[in-house]
Structure formats: structure tokens, C-alpha cells
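Presented sequentially are two complexes of subunit A, the first with subunit B as partner and the second with subunit C.
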Partner chain A sequence: MKNNRFARLALIPYALWIVIFVVAPLVLIAYNSFLDIEGHFTFANYGKLLSPVYMKMMFNSFFYSLIVTAVSLLVGYPVAYFISRTKHKGLWLILLILPSWINLLLKTYAFLGILGTAGPINAFLEVIGVGGQQLLFNDFSFVLVSTYIFIPFMILPVYNAIEKINPSLIYASRDLGASNWKTFQRVIFPLTTDGIMSGFQLVFIPTLSLFMITRLIAGNRVITLGTAIEQHFLVTQDWGMGAAIAVVLILVMAIVMFATRKIIK
Partner chain B sequence: MEQTKKWFANGYLILVFVILYAPILFLTAYSFNSGGSMVGFDGFTLEWYQELFSDTRLLIIVLNTLVIALISATIATIVGVAGAVAIHNIEKTKYRSMLLTLNNILVVSPDVIIGASFLILFTMLGISLGFFSVLLSHIAFSIPIVVIMILPKLKEMSPTLVDAAQDLGASQWQVFSKVILPYILPGVFAGFFTALTFSLDDFAVTFFVTGNGFNTLAVEVYSLARQGISLKINALSTIIFAITLALVLGYYFLSTRKKPKTLGGTD
Partner chain C sequence: MKSLVRAFIAIVTISIALLFGISYLNAAEGYSGDNTLTIFNWGDYIDPELITQFEEETGIKVIYQTFDSNEAMMTKIEQGGTTFDIAVPSDYTIAKMIDEDLILPIDYSQIEGIENIDERFLDLSFDPDNKYSIPYFWGTVGIVYNPDLLDGKELTSWNDLWDESLRNQIFLADGAREVVGMALNSLGFSLNSTDPAELAAASGKLQSLMPNVKAILGDEIKMLLANEEAAVGLVWSGDAAEIMYENEALTYVIPEEGTNLWSDNLVIPKTAKNIDAAYAFINFMLRPDVAAQNADYVGYSTPNAAAIELMDPEVTEDERFYPPAEITDTLEYYDNIGKANLATYNDIFLEFKMSGQ
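This part shows the complex of A and B:
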């Protein structure tokens, strides 16, 4: 049914959707980033991005996202590797995916209780003699909760990459006398770079754009690009500035995707 | 040596999974606490559940959320099927991959960007923020995922099926409804289900495009949580967990049970 009328008719609603909800919003974001609060044309929003306040915010956002991604990788890689070596892979995978179906607001909310001054973690710290700590409303809680929420998205692609490795490569490495560690270092790890890169995309970009976690448990401070965008659109109503930050986020996203795809190829 | 390694691997996995589930269990356990806070368990109570079910405002919000999810998933599925068929029928690879790229933009875009840009869009078009703007947004961000779920099914379908139907005199609509649609139906269902969960799960986009009078559950949970701890949220979470668990497990068992029939059962 190549080139028939039906398929061309089917294209109409779909093309309308693309124009109204994909192309127009992108154009509008770019256009708004050149408007000041009164709607006059200006470059001032981009100028403000270069000011120390915004540079610091952007730096913080990248810094925290990198930490979250790195911790996810460090903790998640062994998980992916060990799951691939267990008997009941399917069961472990379901157990891994299941929490990611639960709304992240609820998971974040749970940490309000867990990390609270009278919560279980602080009770534990008291018992071992460290004494109570303020665990909430700071950078630590942001990194912890973000890692908790996004770690499955690092584990899954790494797991898939490990599963794709042809086992004969591992046998060959062992036959040639490599130790388990050498086999991992020289054969398994290099072959999972694709998975790590996908995981990087799936953790780094969402962490940059989070705003509900910072609002709920990181003390309301503007430390991510996402929070800054939300702040400008919904609190200060300076859409132009918010749009300019959104443009930065889109560019970063494009760069990350382009760079990681290059490595994947 | 091998044995200790195995113990270490299993121990590590169990530890990570305990941490993964601890917050959820913690939240659930405290929904039965008569103490009124997430500190110290005073006694078992169903008080918070009673309070939840007598809160008509909240029940209306739940209803809103379900209505939005069902309508948006249905419309997104229809448009998504049309889009997948249209993309599949484009012969030039260049145009096809261009459409696919445009399709995937909303899938990879962060929620804040989608929310902020839709907010500008609706304001410009003069669409008032509320039920309608939320519905439109949910339809919009669900369409690309439906397309992605259906395209592989279209690709794996042998073109001879369509040729045969046409040779036998079927009209284009008959070819679609009697040959193509039944073939891609598993993909259509998967797309519908995913669109449904995307809509139910969405917070950020809704938060941007909703007005004062209209809330979905996620937005309501957010505004409750910003006011601090209330065990009503715990009770609500427990119910949501239970439903999510039932849905995911149900979907999993349905999809694994069907597998042997179509794919020859690979394990």
C-alpha cells in the first residue's frame, strides 16, 4: 500500500500535531528568550546568563548532575553486572523496574520522613555515636534522592550492554589466561561503553531539569536549570529569562546527545 | 573463593534492592500510624484512609486524573496509529527519518521544557489554563510514544499481506481495518497502556499548564507535600502503589503469557 490516499490522509492529523506541539513550542521558546518582561525585543536575557549569579547556578546544576550520574554509575554498574550473572534475571529486572513506575513525587516525599531530624537515619546516627545531623534541605539530600530516583535508568542500559556481549569473547579471554579482573577490565567494560553512554543521557539530562526535588527537599534553593526555569515561568513571571535558560538546557541536551551518540557509534 | 564472590554479589544486590524498596515500604508502613507523623509508630489505625475517602475534593481530583488519562490515551493512540502508518508509508528515507526525528523531540525533551513551551503556546492561542489545556498537553506528549510502539510492528509485517488483500479487491480502508490493524494491535495496546501511564504519572507538564481551578493527583500531592508531612499522603501513596503493582504485574503476566504464541517463546 505504498503511496496510497489512506496513508496520506493519515498524515494530516499527525502533521498537525508536529506543527502545533513540536515545532511551534520550540520556535516560541526561542522567540520568547529575546523578549523582556514588557515584551520588547532584547538580548538582555542572554547577557544576564553571563552574570555571576547565573553562571554559578549553571555551574552548580552541571556539577550536581555529574555527581548524580557518577554515583549512579559507580553503584549501578556492579548491580547490572551481578544481575547478569544471576539465575533469575527476569525477576531481578522486574524488581528493578517496578519502583520506577511509582511517581517520583511520592518517592521524594518518603525521604522527607526518612531524612527528617527524628527519622530513622538520624536515629541510627545517634545510636552509632555520630549524633544527629541536618540531612534535609541541603545539597546532600538533593544528590541522594536524585540518585535514588534515576539509578534504574543507569542500571538498565548497562545491563542490556552486558547481556549483548558474546560469551565466547569472555571464554577466549579466560582461555588466553586473563584473570577475572583483567577480563572485566579489557573485555567486558569496553564493550559496555554504549550502555554507559545511554545511561549518562538518561540520568544527566533529567537531573539538570529537575525542579520538584529541589523544591521539596533541597531547601527551595535554585540549584538546577529546571528549578530556574520553573522559578521564572511560574514565580517571577519573567518568561523571557526562563525561555533563555530553557534554550541553554535544550542546547546542552543536544550537545550531550550528539557527543554520546558519537561515542556509541 | 568462588563461593565468597557469589556471597558478595548476592549480598550487594540484596543491599541495593533493600535500599530501593525501603522508602516505599517506609511510606506504606506509616500510613497505618495513629501517631500522625512519620516519627515513632504509636499504633495501628485506618484513620488516614477514612479521612482520604471522605475528602470529596480529593476524590474529584482522582476522577479528573483518570478522565484526563483515559481521554488523552485514547486520542493519542488514534493519532499515533495514523502517524505510524503515515511514516511507514513514506518512501524517501530522508523524509522518513526527518519525521522520526521530529517525532522523538518530545520523548527526549525534559518535562520543564515541554511544560514551559506549552504554557507559552496556550497563552498565545488564548486557550485558558485548566482541563482543556492539560488534556491537550497530555495528548501531545503521548502521541510520539504511541508511534514508537507501533512502528516496529508495521516494519515486521510482510508487505505481501497487504498486496494479497489488494489483489482480492479490498478497499484501502478494508486493508487497514482488516489486515494492518489486527496485525499491529499488540503494538497499539502497548502504546495505549504506555500513554495511560505517562498521563497518570505526569507532574511537571501538568504543573505548568494547569490553572487555579483544575488539579490532577500528582499536582495535588506536590502541593500537599510542600506543606509538610501529612499521613493522608502516605495513605494515598499506599493505594497508588497497590494499583501500580497490580497494573504492572498484570501487564507483565499478560505479555509473558502471550509471548510463546507469537515469538516462539525465547527465555
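This part shows the complex of A and C:
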């Protein structure tokens, strides 16, 4: 009994934290989304979200997020598999995590140099005779840099899932005559789906709300919902519209979380 | 449990030690309570040596913070919790800040050197009689371009930007007023237009520019233009000066259809804590020698006529950056067009950006 009370008391700071820094801001965002620029109550912000410009933006955001997630998975899965089969796992994992110790903005700026017309990639293309290409300010550069930034969040959960597989299951599969590929297809892959799902959540959701990279690397040729929120809060000062987009984004994220969780169970 | 308590105590001890360390360092450098001046300015918009000189002359310690847009600066001051003694908003933002009661009137009995300022930059529509603001720098919005990358082609007007030879060659600054204003000017309308028909025409014209636009960028536009990532840029004159300093192949032109003339001004926000220091700083910046040195460093045009006397004539006679009154008289300041109209500008700009996707 006494123990129980202590547990409840111990929960108070955390509960306060959640209320002040999680619940209250969400309520404020929802509240703001019903205000127009003059501060009057309105549903117009949500109406505006249905206009072609915002529908296109939403469609674009999902499209690019899905591509970034898919590329992360295609590249990340084999990497995770490879790391789980190597001797120096610790070393490989450190190499993977190391870039995340460097400030995001610096890494993004570095890509401006790497992909620029006078950058090393274009120099290489010139040398092999392909000729200079415009690598910056298009879909390609956006997907490349976003994937580069988020791919560790795909690799790590998948790696953990592979590591968790009981080796005897793999031995059993081999003993029963399954080839390497069959073993992968029927045993390893199904057992890593929850890793893939959490990787999906960790990559897809932040990509949806990316900004900055859309300007620096894609030169505003790619505009995501995150860019629109940033613009509305800091530049156009239409907080209501920014908040409305944020509410929609939160709902979408909740749906994604729910959908991906359902598959795991 | 024991190790948890130990870890907790360790964190608290280290935090307290760090806190003492910071206050010790601050005290050692002379930063204490009423002896500081907090300046809120654009990035890279003052010669850092002048801050040191000001500190040495007055014994006041300067805390320098930067912002990258008028709106972000105003939001910060509006929300309170800040103690900026000096801020440097642009013309139309000053009008907004006066409206919203965010800045203090200037007490001219405490100002020395206002007579140094060129009359062209005093008593303007955004702040009649300069009740609230003191001019700091001014400039235009225009086209910076690299003739070498355009086979020696010369650009003189906004309409030149629509030329087919500029496919995928233009960088635009990421500003709704600048970009929509350019489209309005190119059609011969005022860049403060609120007429729906004119704005619709500008929107249409703007979208037809998209094939020529390579990217819409923030501050990185300077580096990228200097690196010849594109041949043409819509930029502020001071940015152009900086780009041309980095890469001499580029030149700047004030488009013949007219463009925006702007000025950034020193103001004292309502939240100021050290008003005496703020006046000391304003008077310091009004001094011809200081203004000249600052203009030399920053590269923007100084409104300080007495300072111009002290500067290299090659700089101050360059009509690209010091256009004579005949030209500046034809250019327009941004009016405070109100929230609803501003929202229309922003919508046009967003639609323009989306049309490229």
C-alpha cells in the first residue's frame, strides 16, 4: 500500500512534465489552427488545406517521404544484415553512428559543395566523359541527402531485429534443407518485420516534416509540409494556417503509427 | 537505487559548478547586470572591431545576437522575455512595430550626430519625423549577374529575366515581398499594389518565370552565386556587393522598371533594460568615422553623408550602390500593407514555388 503511494508520488514530476510540455502545446496548436490572421475563430484554415496548392504539397510530402523511406530500406537492410554477420560489429555500428555527432546543418552544407557544379562528383563525371550534370536543386539531391541523414534510423532497428533472431532457427531451417535464400525469405525476413516497421516510423515521420534541406539542397523546388509550417510561423506569420498543417501532420503520424503497429502484432 | 542517487548528485554538482564557472567568466569579462548592452541585429551586419572599440570607449559590455528575418525578430520581441536594448528592423517592419507599440520614441535631446544623415533617408513614410528610428544602412533590390556565363549579355531590366536564354539560370532570394514585388514592377505596377487584378496578373507572370528559376534560396545565395552555380540572382544590393567582392566577374544592376528601396534603422525596443547604453550606441554609430568603417566592412550603403566624405570615392561614386537622388526618387519603399494583403502576397509566392514541382 505504502509502496503504491510512493510510486504515485514519484509519478507527479513526470505527469507535470507531460502536461506542460506535451499536452498543453498540442492543445495550443489545435486551438491556434482555428484562428485566422486577425485572431478570429474560423474553419477556413482547414478549408484552405483542401485547395489544390496544399493538396499538391501534401501529396508531394508523402511521395518524397515514401521514396526516402523505401531507399533507406533498400540500402539499409543489406547493410544491417552485413553488419550482423561481421566480426567487428561495434566498429561498424560506431562508423554508422559517427556522422550523427556532426551538426545536421554542417552536413547539409557539405553536400552543397559535393554536389555543386565545381564539386568532386561533377569533376569525376567530366573526367569519365559524361559531362557536368546539375545535381543540386532537384528531386534527386533532395532524396539523396534526406536518405543520407535518416538511413541510420532504418539500419539500427533492422540490425537489432536480426541480432535478436535465435540462431537455432536458422540452423533448423538449413537442417531441413532450405537454401540460403529460402532461409532468408522464410525465416530471417519475417522475423525482422517489426524492425522494419520501427525503421519505417523513424524515417517516414521525420521526413514528412523536414524543412531546411528543402531550401538548401532542393532550392525550394521541393516543398514539404514541414517547410510550409516553418514558413507560416516564421515568415508569413499566419500561425493559424501553420497550426492547421501541424494538426493534420500529427493526425497522419498517429495513423501511420497505428497502422504499422497493427502489422507487428 | 544508491547508484541512481549518486548519479543524480553528480549531475547536480556538475551543473552548479558550470553555473559558477559561467558567472565567474562573465564577471571576469565585465558582464554584470546594468553594464551590458544587448544588440539584436542581422547576421554579419556590423564590423566586430567597432563593438570592441565601443566597449573600450564606454566600458559597456555588448551582448550581440542575430536574426535572419524581420518577422522572426519581431516575433521574438513581441513574445517578451527578451531584453534587447537595440534592434535593427527594416522600414515596413518599423511601421508595424510602431503600430503594435513595440518600440520606444527617440529622445532627441540625447542624440548627437543626426545631422550627419543624408536628408533623403529621414522623415520617410514608415516613420514620419523619425520619431522612433535612426537610419543605419540602406540599399535596393536588384539583379546580380555574371556576364561571363551569359556570353557577355547585359541585363538592365526585370523583364530581361524572362528571356529564354536564361533557362535554369536564376537564383531568387526567398522573400515574398521581393519576388512578388519584382513581378509587379516588371508589369509596371507599384510593388505595394493591393489591387486584385494587378496581383493576379503578377501571379501569372511570375509562374511563367519558373522555367528560368534554378532555386529559391536564403543566405546561402551569396556563396552559391560567387561559386557560379547560376548566372543570375535576385538579391539585396548589399549581398550583391559581398558577392562581387568574392567574385569580380559579377555585376549589379538596379532594374529600369523600378524596384524596392529599403533602409534598416536602429530602434530601441520596449523591452530595453539599458536605455542610456542604447543612446550611447546610437550616437557611436552616427559618428562619421565609425559609420565609414562600418560601411567599409559590411558593404551596404551608409545613409551617413559625413561618413561618405571619409570613404573611398571609388566606392561612394559607384552608382550601382550609391544611386543618385534622381534614381532613388523613382524607387519605392515597402508599405505596411496590412496582414490580409501580406497573406495574399504570401499565397502568390507559395503558389509560385509549388508551380515548379
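Here is the rule we use: the second predicted complex is superposed on the first by the 247 of 265 C-alpha atoms of A that agree within 3 Å, B and C clash if a C-alpha of one lies under 4 Å from a C-alpha of the other, contacts with A are read in each partner's own complex, and residues count from 1 in each chain.
As a working rule, a contact is a pair of C-beta atoms (placed from the backbone, for glycine too) under 8 Å apart; a residue touches a chain by one contact, two chains touch by 3 or more.
As the structure is a computational prediction, the values presented were derived from the model and not from experiment.
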So, after the overlay on subunit A, do subunit B and subunit C clash or fit? They clash
**OP:** Please work out whether A:8 is in contact with subunit B alone, subunit C alone, both, or neither, and reply first, second, both or neither.
**Re:** first
Let me test your reading of the model: by the given contact rule, A:60 touches which partner, first (subunit B), second (subunit C), both or neither?
second
Winner on subunit A touched-residue count between subunit B and subunit C: chain B
Let me test your reading of the model: by the given contact rule, A:234 touches which partner, first (subunit B), second (subunit C), both or neither? both
### Message
Let me test your reading of the model: by the given contact rule, A:32 touches which partner, first (subunit B), second (subunit C), both or neither?
### Response
first
Is A:92 touching anything from subunit B or subunit C once the two structures are fitted on A? First, second, both or neither.
first
Would you check which partner chain A:137 touches, where first means subunit B only, second means subunit C only, and both and neither mean what they say?
second
For A:221, is the partner it touches subunit B (first), subunit C (second), both, or none of the two (neither)? second
Touching partner for A:118 - first (subunit B), second (subunit C), both, neither = both
The clashing stretch of subunit C against subunit B, among 147-155, 201-209, 219-227 or 291-299, is 219-227
Note: overlapping subunit A surface for subunit B and subunit C spans 109, 112, 116, 118, 215-216, 234
Counting only contacts in the complex, subunit A reaches subunit C at residues 37-38, 53, 56-57, 60, 109, 112, 116-118, 134, 136-137, 215-216, 218-223, 228, 231, 234-238
In their shared complex, subunit A is touched by residues of subunit B numbered 9-10, 12-13, 16-17, 19-24, 26-27, 30, 38-40, 78-79, 81-83, 85-89, 91, 99, 102-103, 105-106, 108-121, 124, 140, 143, 147, 162, 166, 172-173, 175-176, 180, 197, 201, 203-204, 207-208, 218, 221-222, 225-226, 228-229, 233, 237, 240-241, 244-245, 247-248, 252
Counting only contacts in the complex, subunit A reaches subunit B at residues 1-8, 10-15, 17-18, 20-26, 28-29, 32, 75, 78-79, 82-83, 85-86, 92, 94-99, 101-114, 116, 118-120, 148, 151-152, 205-206, 208-209, 211-212, 215-216, 225-226, 229-230, 233-234, 239, 242-243, 246, 249-250, 253, 257
Contacts from subunit C onto subunit A in the complex sit at residues 69, 71-72, 75, 168, 171, 174, 176, 214-218, 220, 223-224, 227-229, 339-340, 342-343, 346-347, 350-351, 353-354, 356-357
